[in-house]
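The two complexes that follow have subunit A in common; it is paired with subunit B in the first and with subunit C in the second.
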Partner chain A sequence: DSHVQYERVGADVTMKCGSMDWDAAVTWMTNGTDIDESHQNGSYLILKKVNLTQSGQYSCYEGSSWHLKYQTSLRVGMPPKEPVLMCRSNNYPKGFYCSWHLPTPTYIPNFFNISVVHGTREMVCEKDTFPKNRCHIRYLQLFSTVKYKVTLTVTNALGKNSTTLTFDEVAIVKPDPPESVVAKPVPNNPRRLEVSWQNPSSWPDPESFPLKFFLRYRPLILDQWQHVELSDGTSHTITDAYAGKEYIIQVAAKDNDIGTWSDWSVAVHATPWTEEPKHLTTEAQITETTSASTSSFMPPPTTKICDKGAVLGSGAVAVCWTAGLVLAAYGVLFI
Partner chain B sequence: MAAADSPSATLRRRDLCSRGIRLAGKMRSDVIDLLDTYVERQGLDASASVAVVEGVPAAAVEHWDEQSGTQRLLENLAAYRTFRTLLAQMLEEQREQLGEADAGLGRALAAVLLQVSAFAYHLEELLRLESRGAPSEEEAGPPQPLHLGLFERKLRGLGVLRELAQWAVRSARDLRQLAKPSLGSSSALSTAESP
Partner chain C sequence: GDSWGIFTFLCAALCNLPALPALNCTEELGAGQSIQKTYDLTRYLEHQLRTLAGTYLNYLGPPFNEPDFNPPRLARAERVPSATVDLDLWRGLTDNARLAANYRAYSRLLCYLRALDGQAGTAELRHRLGHFCSSLQGLVLSIAGVMSSLGYPLPVGPAGTPAPPGTAAAMAASNDFLKKMDDFWLLKELQTWLWRSAKDFNRLKKKVPPAVVTLRLEARGF
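And now, the complex of A and B:
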């Protein structure tokens, strides 16, 4: 017969060798290794103040015949501490979900039971397939002033614990953050950034249950955020950006009437439009371009060429020149 | 119901709904402020649980999303007419109980009563637009006497205001449903006729 034996960390454990008498000659082994006789009292195995590393298979063999007389799996663990329970509605008015976890591991299997009561009515919390420590409930009533009471009980072989949450329908409403946040410069506007986003896809009916939004933005070089609250629409133009500075932007959402703000969205970065650097030549620049023959580089006379993507590094200069004038200069210098 | 579906009627409905939503929002905000004042002045615990109060229209509803526009309007109107009576009663009791000692609470109650009356009238307008007409009010006699002690009356008042705050949220949602272009209140006449 194989058994499982659960014991608390720090406990003293006594294992009997099945039905063998106390004075029978036996040998105890764990995970294929003999256990020293000093841990035996007669045929009993004594383990003092067990720790987690002592979990494993323990076997007892009759002294002379080496017949296996008893086997047990020792699982050292802890009774559960008070579980952490959270309930939230990110899909109002459809329903809400509750999720839970233990603050510290028990190292042995735990079983969770959740009960949800609304007034006198018991409701079923349907377990999610993933993640496993979560279940969801559909609202049967809306606009109720009666509170919901959710009790989570966790049980294992060494004990049990529970926690209860009581809340009303609106207190737990918290949308997911807005999605697809995009920030773009506005052409010819060095102080503007156009930001747009979408309602979180988990919010089922934004038309009947509209969301409002909170936008925050700052240049990377500063710590202070600017904030704007927007009661409708899913776009906004920032008009006071510092020219040429890269910005970080985030958006949060909240139901117009109830609940709390979502977490901040994923941050996006954008830099306002900057004017192209004008006609700019240096001797160094002219020297760099001598290797190209003038015949192989003949832009149309009226074209302005500007290497917009040029990285400004030490010594390099972004070039933007009117073709006719510079070619004439080349002709003078290098023919 | 052809008139209710005309473009001008649709625009008028949408306009009334928008204004109604704003009214409901303001009313809710004022009721929440009133709740704080009421709890403080009446010496109550803000987290006190109040059992279902008889005679107070409960905002809670099942299958809310399946209601027709007319049903929404009728339920809202019945509720606000009842709140009008309940608030008038509370105002009277408050004056008897505290007299001039708490004119602030009295003024706040009166202000909310005014908004409730205005909102009820607004709902009547919407019903008229639906060519339904507002149902006549049940006899507007004196409210039935409540044989409650002082503390029970205070708790009842708390229940009234909490439920009213919830109704204000529901009303805004109801009006948004009503304002949706695909759902005219002329569709699917409710079988729930006026009381």
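And now, the complex of A and C:
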């Protein structure tokens, strides 16, 4: 005869040896070891203030014949505390989901029952296969004045508890964070960073239900964030980045009109474009490594570039002047 | 010389736009701006309503001012128009039907809200209600403006005209608690309509782009 017996932590447990009389001679065993007779009151096994470690298989044998008379599995646990319930619509206007968990473990099996009532109508919350403690509901109507009332009841062998959430359709709207956030430096712009992202894939209809975005960024070395709110578009150029500093950037989303902001997206790092040092270093190295004999043929790089620059400059100026004269002439003709 | 003349004419035309809604060639430009304006107005009203509703519900007292108050909808006269709508139906509404629904709803809501005005408790509350009613009237007119600029007729008939004040008072006066329930539902419907209108006008915004000036130029043969 096999049983399961659930008992509360800290309780005093009395185990009877099946249908045996109180004064029968029996021996109790647990997990292969004898239990001392001091714990027995006649044929009853007394366990005082049980703790979790005392969970296990308990067997009772008749004194002389060693017949197994009774066997039970003792599970020490606790009645459920008030469960934590959360409901959210990350796919408005399709519907919403609710998920739940227990704040502390009970150590014994628990059963959850969820009920959703909308006005007078009872709705079915379809359980998700994964994760387990989650169910979803499809909206039949939009813009409802009547609140939704979700009640979660958790039951186990030692007790029962429940919690209720009541909310308006629009109050629980919270999109998932934006996806594929990318931040890139902008060539030749030491103070810019180009950030782009995508609408969360769970948001079904961004055309009719557009999202607005919140961008935050800071250099790694500082604690203070800078914020930008963007009412449309999925990209933004930061124009006040500190040159050469690595930045951390995140984006959040919200329905344009209702609900709350999403959590922050995954953080991306980027450093603005910095100018590459010129040939200076490489040529300087060459002149240093080559022998003194070549030095007469290769003037020090700095002066060489200066001379080149001077030549170019004068040439460029000459070009500019001629271009200017030509344009002026054309302008006069048109006016 | 020609280009300057055209440019000055355009400037004059654009500046005079708001004052001449009947001007055919500027119809689409006007509608786009009006839709944006109407959208902004619904957001403003929604914000105002939050404060107003809080104050009014406190005036009604418990249980009306409790956050979890979730009474069943009584089968009494469903006089207040409901924003609740089937999702696919809402999606499939024509621009005309969408605008007409908003126009009818706010016209009636305005009327009921005005009735509230005369009975409310403190002077401050009456003042707030009065201010809100003015803003709500602005919304009704704004919607009418959008409809006419798009060439849609304004809805008329029983939906548009207010119920005689006598009947409303007679129905309500029967029970003080029931009257308070009516007030509660009126505010709830108003709040829900403002949520819905933001979405309605978002959809309309997408359908009617704000500026079509270049097309207008080609049409006039420049």
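Heads up, the rule we're going with is that the second predicted complex is superposed on the first by the 279 of 335 C-alpha atoms of A that agree within 3 Å, B and C clash if a C-alpha of one lies under 4 Å from a C-alpha of the other, contacts with A are read in each partner's own complex, and residues count from 1 in each chain.
What we mean here is this: contacts are C-beta pairs under 8 Å (C-beta built on N, C-alpha and C of every residue); 3 or more make two chains touch, one makes a residue touch a chain.
Predicted model, so just to flag it, every value in this text is computed and none were measured.
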{"item": "Superposition on subunit A - do subunit B and subunit C clash or fit", "value": "clash"}
{"item": "Partner chain in contact with A:Thr145 - subunit B first, subunit C second, else both or neither", "value": "both"}
{"item": "Partner chain(s) touched by A:Thr120 [first = subunit B, second = subunit C, both, neither]", "value": "second"}
{"item": "Which superposed partner A:Asn31 touches (first subunit B, second subunit C, both, neither)", "value": "neither"}
{"item": "Residues of subunit A touched, compared between subunit B and subunit C (which is higher)", "value": "C"}
{"item": "Intersection of the subunit A residues that touch subunit B with those that touch subunit C", "value": "93, 140-147, 170, 207-210, 257-258"}
{"item": "Complex contacts: residues of subunit A adjacent to subunit B", "value": "93, 140-147, 170, 207-210, 257-258"}
{"item": "Subunit B - residues contacting subunit A, complex", "value": "25, 28, 49, 52, 58-62, 64-65, 162-163, 166-167, 169-170, 172-173, 176-177, 180"}
{"item": "Residue ranges of subunit C touching subunit A (in the complex, touch as defined)", "value": "43, 46, 68, 70, 72-73, 82-87, 90-91, 185, 188-189, 191-193, 195-196, 198-199, 202-203, 206"}
{"item": "Interface residues, subunit A side, partner subunit C - complex", "value": "93, 119-120, 139-147, 149, 166, 170, 207-210, 256-258"}
